[in-house]
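Following this line, the structures themselves.
Each of the next two complexes has subunit A plus one more chain, namely subunit B in the first and subunit C in the second.
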Partner chain A sequence: MAPSLYLDRDTWIHRLDPRTKMFLLLGMFVLAFVFLSPVYEAVILLLVLFFGYLARSLSNLLRIWFILVVIAVFTIILWSIFGSGRTPLFLFVEREALLYGISIALRIDATVIAGMVFLSTTRNEEVAIGLVRLSIPYRFAFAVSTALRLVPTVAATGFTISEAQRSRGLDLESGNLIQRIRKYLPLLVPVFISTVRSTNVFSMALESKGFGASAKRTFYFQTSIGRRDVVVLVVFVALLVVTLALRVAGYGGLEGFTR
Partner chain B sequence: MGDASGALSVRGLGYRYRGGKGHALKNVDLEIGEGEFVVVMGPSGAGKSTLCTAFNGLIPHFLRGRMEGDVFVRGRSTREGKVGEFAQEVGLVFQDFEAQLFSTNVALEVAFGPENFRVDHEEMERRVEGVLGRVRLTGFEGREPATLSGGQKQRLAIASVLAIEPRILCLDEPTTDLDPLGKLGVFQIAEELRQREDVTLVVVEHETEETLDADRIVILREGEIVADRPAHEVLRDVDLLEESSVMPLQVTRLFKELGVEREELPLTPQEGVEEFRRRGFSVNPERHRELIAADEERGREYGEPVIEVEDLAHRYPNGVVALEGVDLTVRRGEFLAVLGQNGSGKTTLVKHFNGLLYPTEGHVRVGGEETGKQGIRKLGQRIGYVFQNPDHQIFSDTVADEVAFGPKIRGMEDDETKERVAEALRAVGMEGYDEEDPFGLTKGGRQRVAVASVLAVRPEVLILDEPTTGLDYAEQRSMMDLVRRLNEAGSTIIIVTHTMWVVAEYAHRAAVIRQGRVVLNGTVREVFAEEEVLRDASLRPPHIVSLGNSLGHTVLSVEEMLRATEEG
Partner chain C sequence: MKEIFTMWRHTQMVVLVALSAAIYAAVLIPFKSFAIVPGFIEIRPANVFPVVFGLLFGPAGAWGSAIGNLIGDFFGSLSLGSIGGFVGNFFLALIPYKLWGAYFRNRNMETNVNSGEKLAVYIATTIVASLACADIISWWLSLLGLVPFTVALALITFNNAIMGSILGPFLLLALYPRVKRWGLLWTEIMEPDEVATSGSYNTGSILVWFGSIATAVAGVFLGLSSGGPNATVIGFGLLIPLIVILIGSFMLGGREQVEAAELMDAEEETAQVR
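Our next item is the complex of A and B:
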């Protein structure tokens, strides 16, 4: 099991400055949140997937497809039930509510996939440098990149622990929701304790390597905003402006939907 | 105050952790000169790691507790500066090397220290290249640390500290989790460093065989120094080592038992062979044949096959072939050791026995039935599996609840569960601990709770993954004596381990895995006779076995050698 999402591939997206990549990620979020219509949201999702394709990072979809499907199914069902609109479809579900559910599902999946593409193309260290270059204090930047690192580490520990408890007879697959949640106790306690322990060693190791010894530091990783970054930024800003203009002009909404 | 001009000077050091029961260190005085190689030994909980954290100022600046006395690093008191300032003088590598690595590739991991000290890019590249060369990781620059083997990770942890170019290097149990050649690699690096660059080296170590090159050995017990003498003197003091829960060198103990004067005791197998011949000792072939006969006798007493592996192959989803063409039979009552380098596939193999993994090709049968048809829950009744790290399974508030987990989850009545808990705790020698908090126990104690919690289901076969890792010699002995008793009471035992003397003294049979294939499979005596094949699999038999092999007769313990030796 590979511990993190990062894929060490040499594409032009990988080579972008981390600041550019962060801007692209934020821009994608904005794009995804502007529209209400499923058709427009589908276009945004396709755009995200296109970026993922260019970055040769779509293989990571195999690792998160289950979450994407769960999110999509739940969002569509919940909005269909709780939203309301004008055109009855079947039972108590209205057409507009269903469409809105689909929009939101596409929107969340698009943002999750955008995040995945970002993490597939950006090292933790790049995130830290990117933030520092944006004048954010290094300690904070390091905390963010460490949090990103913690997720896969905890997942790996959790996997070992679940093997140990399944060997003792723990059965996570049966029972109702509450029973299942209680069954997770034998997993959560050891995961928590192991994580606290290794975090303690980790922080001592950081101190011992001179973390924070001086207010400034140098970086092994070289970054600079090059011509490619400028082109990407200009094109993307143009895209953002056009989209926002479209939305203001009344496109991409959803007629007849009320909460 | 006297002269404190050595590399490290410890004066009257005492330490008490906040909330700790007593002193972790008491009145420690220690002088370490420039360029010295000092090994620190002693039982678990003696304060060895605490001492290391005092060398670079983690004590008193980072850890919460009360410090008495002083530590001087090249003349400067650690009280006078921050940890970061001393980090450039003292490099500290912690025992848990997994938790120290956090970068996304090897080069960045090494560069982290220099970055903190504002080393410029050109110099940083020079250091990364140089340091990786020294720990033999050249060519690994772009690899993700998590994908390295245990030995490589440890070497990377050392490299990441070396890149700061400290004059003093302190390694806290650098070899605990490594296979024998991985251990040797770490010590070769340490030795080269010291010879080339006049680095002062302080190493905390459990295994005596690794300390032969040291200048001095310091023994700590309950926070106090009980010995601080030249290494060879301490190594010849067999009684002192045994009292300090440190395993004496086997060759040295043999000759002590044979009545040789302390000053003349040999240390290594080579010295042993010379001394053996010089004194006119010989191996009595008749008595050696009796040992082999006893092995054969034991082999005839095993019952029917419990686990049958036939032409097993396992391919992970990412395409990596972990096992190929494995054939193996485990009979009732056997005590099998599965050996191999880190990453050779030995853990993958035993995970097939209890249904954590299923074959991608070939067959694994337990009790005559394919494991795939039984599933992990049913297999769990017959096959108990104790994982390497007890902290990966303990979650209850009391020892009794922890042990009761298995029986309860399998739907046993309260009375039955209680009886089984009592029985399991008795088996591991922990009666009366029912209401204790398992997290308050020592590592050895937690390990026993983990074993008891698996025994409570009364499995026929017990698999133990690295049952002695992280324990001191006395704890290792008592753990393995426990496993032997379980075996004699009828349990079939399978252990996965790097600790070769444990295999030699306790196991009946050994299977050696190399790159996913079984390369040796026989009685422990047969397997340990093949030193060449073992070396190809990155393994090294214990000293006493090497001594016997050099004399033409494979023996497995000091006691066996004594039985077979004829004096004059």
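Our next item is the complex of A and C:
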């Protein structure tokens, strides 16, 4: 079991400063929200996939394809029911509502894949240092990075406990809803206790190593915005401006859809 | 709400944030959810944790739940919607300990569900916190035009409330004595002057309840009355009741819980000396 999406590859996207990657991720989110037309949204999705290809991280799609499909199907059905348009298609579904549903499905999938590319190319340590460099308080960044590091350990503990309880006859699949929910108790209590009981030792270890001893910190792991980062950011901002200009000029809309 | 910032001074609270977040995110992975409607509505056992974290670890539980949910999204569903999840889960853990302190002030404030009254208050606070969390996330998703308000509201409220109400009391009964023995309750770690006080518990409680219910009712009404879930109408129309939840949370304070814990510790020490 490998809960982390990070892929250790040597690509220019991997080598970018974590702040640049955070801005790119944010920019991708903005790009995905500019258009309403499914055709334009599909182009944005292709752009995100192209980034994923350059980062050699598309293999992670195999791990999240089910989520992407469920989100897409759910979204299309939902907006076909809740949205309305001018052109009847079948039963109570209008053409514009269906197109909007497809557009939103592509939009969500594009943002989720953009998040996947970010996580495939950015280590936990880089996320933490990126947050600090963006003036997020160190203690908060420390909590985020520690939690990220501990997830595989806690997940492995949970998996072991789950297997142990099943081998003793715990059957999570039988009974009504309430009975099945209550059966999770012998799993959740040990996970909680085995993790939380280390809090005091953990805190003492941190303080003995000078955690919070001085306001200004230095870091072993250094990052800096280089020429490559500047070029990437300039190109991306230009792309964003062109996209917004296209939208203002009236391209990429969806005529006839009402919510 | 002062304590959500001052808690970062305590190393133990920082560690509790990290551990709570790790538990919340990690339990999503090995303990698979079970579907009510396959692919659409599912119950996640991990959803019990935010309310329990809030009652045991106070502000550390709130930050832990928010970060844990975000990390959960890191494993395959990170998107702009994750911002709503962060804020919603923060309030899912924050509201229970705030309301608990308001209801049991000047009485036994222990966050242990060992009486009928405490169980009833626990379930009520779980339901209102689930509703507030669902209001925030649904509002955000609706504002982005991703999911209709009514659909998101129903799914999130059901998911959080059912797991928190059924599993939460048992979990608290099992965990509270241990966490107290380890000295990890937030009321034992923080100092009274680091926590905000309140002179208007009743108004604060009423505002949280009113805001949570009003947001849900107004969201459903706006979504249906304007011929569909209009993102702009819902986005601006629900701002006021959402702000009411925020103001109510600010008014609830929490210092009395810390003072009560200090008093209880002093009494226990005196009893031991005797």
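Going forward, the second predicted complex is superposed on the first by the 192 of 259 C-alpha atoms of A that agree within 3 Å, B and C clash if a C-alpha of one lies under 4 Å from a C-alpha of the other, contacts with A are read in each partner's own complex, and residues count from 1 in each chain.
One rule holds for everything that comes next: a residue touches a chain if its C-beta (ideal position, glycine included) is under 8 Å from a C-beta of that chain, and two chains touch if they have at least 3 such contacts.
Remember, it's a predicted structure, so these values are computed and weren't measured experimentally.
**Student:** Tell me the contact category for A:T146 with respect to subunit B and subunit C: first, second, both or neither.
**Tutor:** So A:T146 meets both subunit B and subunit C here.
**Student:** For A:R123 in the superposed arrangement: first (subunit B), second (subunit C), both or neither?
**Tutor:** first
**Student:** Contacts for A:V189 in the overlay, against subunit B (first) and subunit C (second): which applies, first, second, both or neither?
**Tutor:** In the superposed model, A:V189 contacts both subunit B and subunit C.
**Student:** Quick check on the superposed pair: does A:V112 touch subunit B, subunit C, both, or neither? Answer first, second, both or neither.
**Tutor:** After superposition on chain A, A:V112 lies in contact with subunit C alone.
**Student:** Which of the two partners, first being subunit B and second being subunit C, lies in contact with A:I104: first, second, both, or neither?
**Tutor:** Touch partner of A:I104: subunit C, not subunit B.
**Student:** Please name the chain, subunit B or subunit C, that touches the greater number of residues in subunit A.
**Tutor:** Greater contact footprint in residues on subunit A: C.
**Student:** Would you check which partner chain A:L5 touches, where first means subunit B only, second means subunit C only, and both and neither mean what they say?
**Tutor:** second
**Student:** Which holds for A:G256: it touches subunit B only (first), subunit C only (second), both, or neither?
**Tutor:** Neither: A:G256 stays clear of subunit B and subunit C.
**Student:** Classify the contacts of A:F33 with the two partner chains as first (subunit B alone), second (subunit C alone), both, or neither.
**Tutor:** After superposition on chain A, A:F33 lies in contact with subunit C alone.
**Student:** Considering only touches as defined above, state whether A:R197 meets subunit B (first), subunit C (second), both or neither.
**Tutor:** both
**Student:** Overlap of the subunit B and subunit C footprints on subunit A, residue-wise?
**Tutor:** Shared contact residues on subunit A (touching subunit B in one complex, subunit C in the other): 3-4, 146, 157, 185, 188-189, 193, 197-199, 202-203, 207, 211-212.
**Student:** Give every residue of subunit C touching subunit A within the complex, in rising order.
**Tutor:** Answer in residue numbers: 8-9, 11-12, 14-19, 21-23, 25-27, 29-31, 34, 36, 39-40, 43, 45, 48-49, 63-64, 67-68, 70-71, 73-82, 144-148, 151, 162-163, 166-167, 170-171, 174-175, 178-179, 182-184, 226-231.
**Student:** Contact residues on subunit B for subunit A in the complex?
**Tutor:** Listed in rising order, the residues of subunit B that touch subunit A are 53, 56, 58, 62, 82-85, 87-88, 91-92, 94, 96, 98-100, 102-105, 107-108, 111-121, 124-125, 128, 142, 144, 146-147, 160-161, 164, 318, 351, 354, 356, 376-377, 380, 384-385, 387, 389, 391-395, 405-406, 409-410, 439, 453-454, 457.
**Student:** Where on subunit A is subunit B touching in the complex?
**Tutor:** Touching subunit B: residues 2-4, 6, 8, 123-125, 146, 149, 156-157, 160-161, 163-171, 185-186, 188-190, 193-194, 197-199, 201-205, 207-214, 216-222 of subunit A.
**Student:** So in the complex, which bits of subunit A are touching subunit C?
**Tutor:** 1, 3-5, 29, 32-33, 63-64, 67, 70-71, 73-75, 78-79, 82-84, 104, 107-108, 111-112, 114-116, 118-119, 137, 139-140, 142-144, 146-148, 150-155, 157-159, 162, 172, 177-178, 180-182, 184-185, 187-189, 191-193, 195-200, 202-203, 206-207, 211-212, 258-259
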